[in-house]
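Should a chain be cited, it is by its letter among A, B, C and D, assigned in written order, with residues numbered from 1 in that chain.
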């Protein structure tokens, strides 16, 4: 319960902050006999790292993962898998005035109050580097889910500020299609406008939020553990634990609030020999349990809190001041969240799949 | 991990479905020395039960809670508190054609597939009666939070279909104000329109969704366990585990996706001797940890799936058919969800408060 | 972690003390489709209850279990199984001077210090009635283990004071053989002497300890979760959580400390088509994992602390006094522990079996 | 539940086997503000490592621990503490015939059956190197317990084969006294005989078992979580999870089985202003909760299974063969278990202390 573990049968424990030796995770409960090398994990880590495009921060972190334990000759042993990514800059940084001024909408203030001590980098584990451990652990889960059930998980940027992606087909969309532009919006026209918008905001020293949609295809029927660990409940926890997330929707989401039952109900119908539903307002989950339809959810991500524009605020002593962040900062992070969301979804699904397997 | 427990230091385990002996919960970890009688718990159970108004189902369930263990002379002993509410009708009902036809957007199909056996009532634990155990357990948490920190939790119906409540002041709103009309919308004009809308839909044999907003006041700074058990992540899990929920937002929620960082950031400012924030887009949580501002979240609830209008669908064998539900059904459940949301919030906060207390 | 839950996939949560409404348990994670009625559970509860013989306390508790939830038409639904046994005497007893004087080697003192409040009965959950919930939950596990793997679990009294049982064959011993005398020692000659000894001590107002041995036959190879949840580690926790236990041994136990490796090692040998071991000093567990041989362990149980002989001691204020317990008390409890040990073993094995099933 | 985590509020997750990159642990839940450097941890790791004396294996492993995360400027941040010790020899060894022949009383056979894949080193996590992670994590707990409560934990070799240590005073014994001879028996005369015995057995290619006793002084009253996480139950799990342990006793242990209640009961008495007990058959625990007296327990450790004498056994196919282990092996490991037992005890106590702190 001490916050850094997730899952029960496939349990991930992450560690590390910005300026220590590194970040990583222990995966306990990975089934033995899975073929696994560092390359299997690196793909998603590389998609996650900054410095990939002009719409993100130009820091170039290498983020090469090393498997510390749990495999031999490229096969998992069933023992804990240690995963480690060294930090490039391991010295506590001098964050200067930031140590006096809690950054607005950041974790500086709450970490200080909760722990009574604070890493020089400010918010400790609220750093985006924390997500490296999750992504590495989730990349292994993705591989197992793919090989065991043919599960495919694809997330994409569905909006940037007021700009929405146009029609996207969640039944067929691939990661390659998502990655074909730097903002990871599979609608090329919308992507272009988004890039313009983000580039302009970067010039202004400002940032912008957005939404991200994710589909899980080929999940077996029966995943999810009512009543507290319903599939959408664990997905919601997983997604809302990602830095900067502000909202979660499954299927029809908030739109369901404006609908009538007769319009919202998903009628059953025969589909390729299985009982499916005509519509999918349920988002692939009924009664907290996957029903065989694509699992569809959407996440709101706030604009990055670190902006270079001057911000009037107060210091730790409550004295009014103005904060001016130095350096260059990410004006938009939704595209970088894509692999984080996919791998967090994999962590939830894999744990649920193992639990359900024990039941039969 | 078997789904029916929630929390770690204040751990609730619920049990019961529609037609067994009853429903209830075990609360393990309640601090000793709390004064507690059944009356303390009954208030929220009574607010939860159906049959209270013309906008809800007219079934009159009594739902009287009995404390089975864990108290003596009206004081908690620190031992597990057993809570039990007998079912009025304990015989497995004859659900007739429903046993052949999975109700659309219900849990009949997924329970059948997951467990290979199904309660006669259909979805087993997906029944709304399941929430009784949570509400009873959460009512105890509410009492402890109120007495320990002065925490106040108030939820209300913020929309019904397309009808929104007008201005509501989350800083001062009381449960009495919420309960002054049957639809639990504190804006009387909006409430009247909502009641009309729901009444009309009832006549049509249809139902409607809505949203519910909840505020937690006076929560201490420092609650929430990064990185996976961030406060908003556990709130999201808690809320998305309530039947019929489709979405969760904290603070600015999905609106954050359209905002710039300069507009969204909550600047710090001195407030009555503590460091607070000028705006509250963060919804009282920064970096996954409560910051002392009101915690504000919103939930989307879908229209009830059981409607009396005829629905074309398929039976378990995939044969096309038409389902006509008998009896009278709830056309709207958001108002009944009010105490469920409040008590689930209390479960999250109490667990987090105990964990944080261990840290110091 | 709040102490009243055990297991992960098959998770039991118990509740209740001596003078509340009753005692019981919630079983979460029982596989669906198991045929189950109250009679299946009652057998072990009846073996556990006092009043069965002159060597135990003559209180006649009825201890009839009621299934509150989780089954329909005699079959488990996969939902939580509520189990309840009402207390005959539900009024807080007047324990008189005991409220002033902590009983030596009892839990009165530590409960008072730990919780700051104490049930009138003294030690709250340290009461032997607490074990009812475990036994009921474990009886269900026994049934599943028997039907799934043919597992047999048999415990017996292997010593009473200095009196040891003679040769007992753990490979064939049955519960009927154990129950053929009131002291549950399958060696009739030793049993007779033990009964004499206990009867004499009862007259003297004194009590006596003993040991209990347990065998688990037909457990599949592969149960146990290194490194902290090795099979013997979880068995040790389970057994040492039973009131009055003072020691646990697996296989050769403390005798191993005096042996050489060449004498202690269990050589492998072909046995009926499977690889077994010639000797079984390992007690059926190697590296924390069951190896297919009978699992054998032994438990030390202290003499009951409540005796009617006068005891010089001190009251809560530290003032010297003499305690004289009223009423008749158990001079020996090892025979009553037999079903408790068997069912606790079943709880461990079933949880481990489900976890291992998820792995494949 | 996936076996490699221990504890709830102070939760340790270990990883690593013999021939991977290294071994280590993540500690989640360590309170912030504890001063901590690698030197604080190294002492116990150094006491644990082999190659220290002629009675142990002459392999000289360096076992230098590195803190990967969770501290800054020598102070804990409240975030997960990563701990890592590289393996000297990271290449999978050629264990030759051992891959065909499961070593008697080793984990080769059960790991093969449980996981279906086996590390080249044989038993994977059953390797003694696995304990490095525990010791490192427990060394941090020891420091916190010492600084917070003045808790002292001292273990020693109380027997080697049939040779018992003479009188040892658990109230005053220090680690320095234990370490004054290589066999860690604080009775110099007994120690000398033990060393002779072990040396002789080494010459014969054989090994010997022994017992280890441990005392915890200055533990506060109130630790332990009835009913399943009683203090002795968690200590038993902790100790029986250490490789090669065969038995656990608390206080009077198996001797209690031969005693009468009047002789065994610990009468209360005033002691330096607190209510203590005249005798300590309870071993410092009553009703599963620490009572302020020294916590005393004893562990049986079997003779090391790897011996160089030829052993008749069978190979994986069941064919009779003779195994002759190459190299030099530990004829006795009880002395090396001393720091493992101490640190495992610290893990239990620290977790219990944090849970109890949350209650008040």
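Side notes on the structure shown:
What we mean here is this: a contact is a pair of C-beta atoms (placed from the backbone, for glycine too) under 8 Å apart; a residue touches a chain by one contact, two chains touch by 3 or more.
Note that this is a predicted model, so its numbers are computed, not measured.
The pair with more inter-chain C-beta contacts, choosing from B-C and C-D, is C-D. Comparing mean CA positions across the assembly, the chain most remote from subunit A is C. Subunit A and subunit C have Cα centroids lying 46 Å from one another. As a whole-number value, the distance joining the C-alpha centres of subunit B and subunit C reads 39 Å.
Centre-to-centre, using mean CA coordinates, subunit C is 26 Å away from subunit D. Among the residues of subunit B, those in touch with two or more other chains are 1-5, 8-9, 14, 32, 78-79, 114-116, 124-125, 355, 359-360. Touching subunit A in their complex are the following residues of subunit B: 1-6, 8-9, 14, 102, 104-107, 109-111, 113-116, 123-126, 130, 159, 161-162, 201, 206-211, 221-222, 224-230, 232-241, 243, 245-270, 275, 277, 281-283, 285-291, 300-307, 309, 311-316, 318, 320, 331, 351, 355-356, 359-360. Taken together, the subunit B residues at the contact with subunit C in this complex read 1-5, 8-11, 13-17, 19-24, 26, 28-29, 32-33, 66-73, 75-82, 84, 92, 114-120, 124-125.
Every residue of subunit C that touches subunit A in the complex is listed here, in rising order: 1, 8-9, 31-32, 78, 226, 354-355, 357-360.
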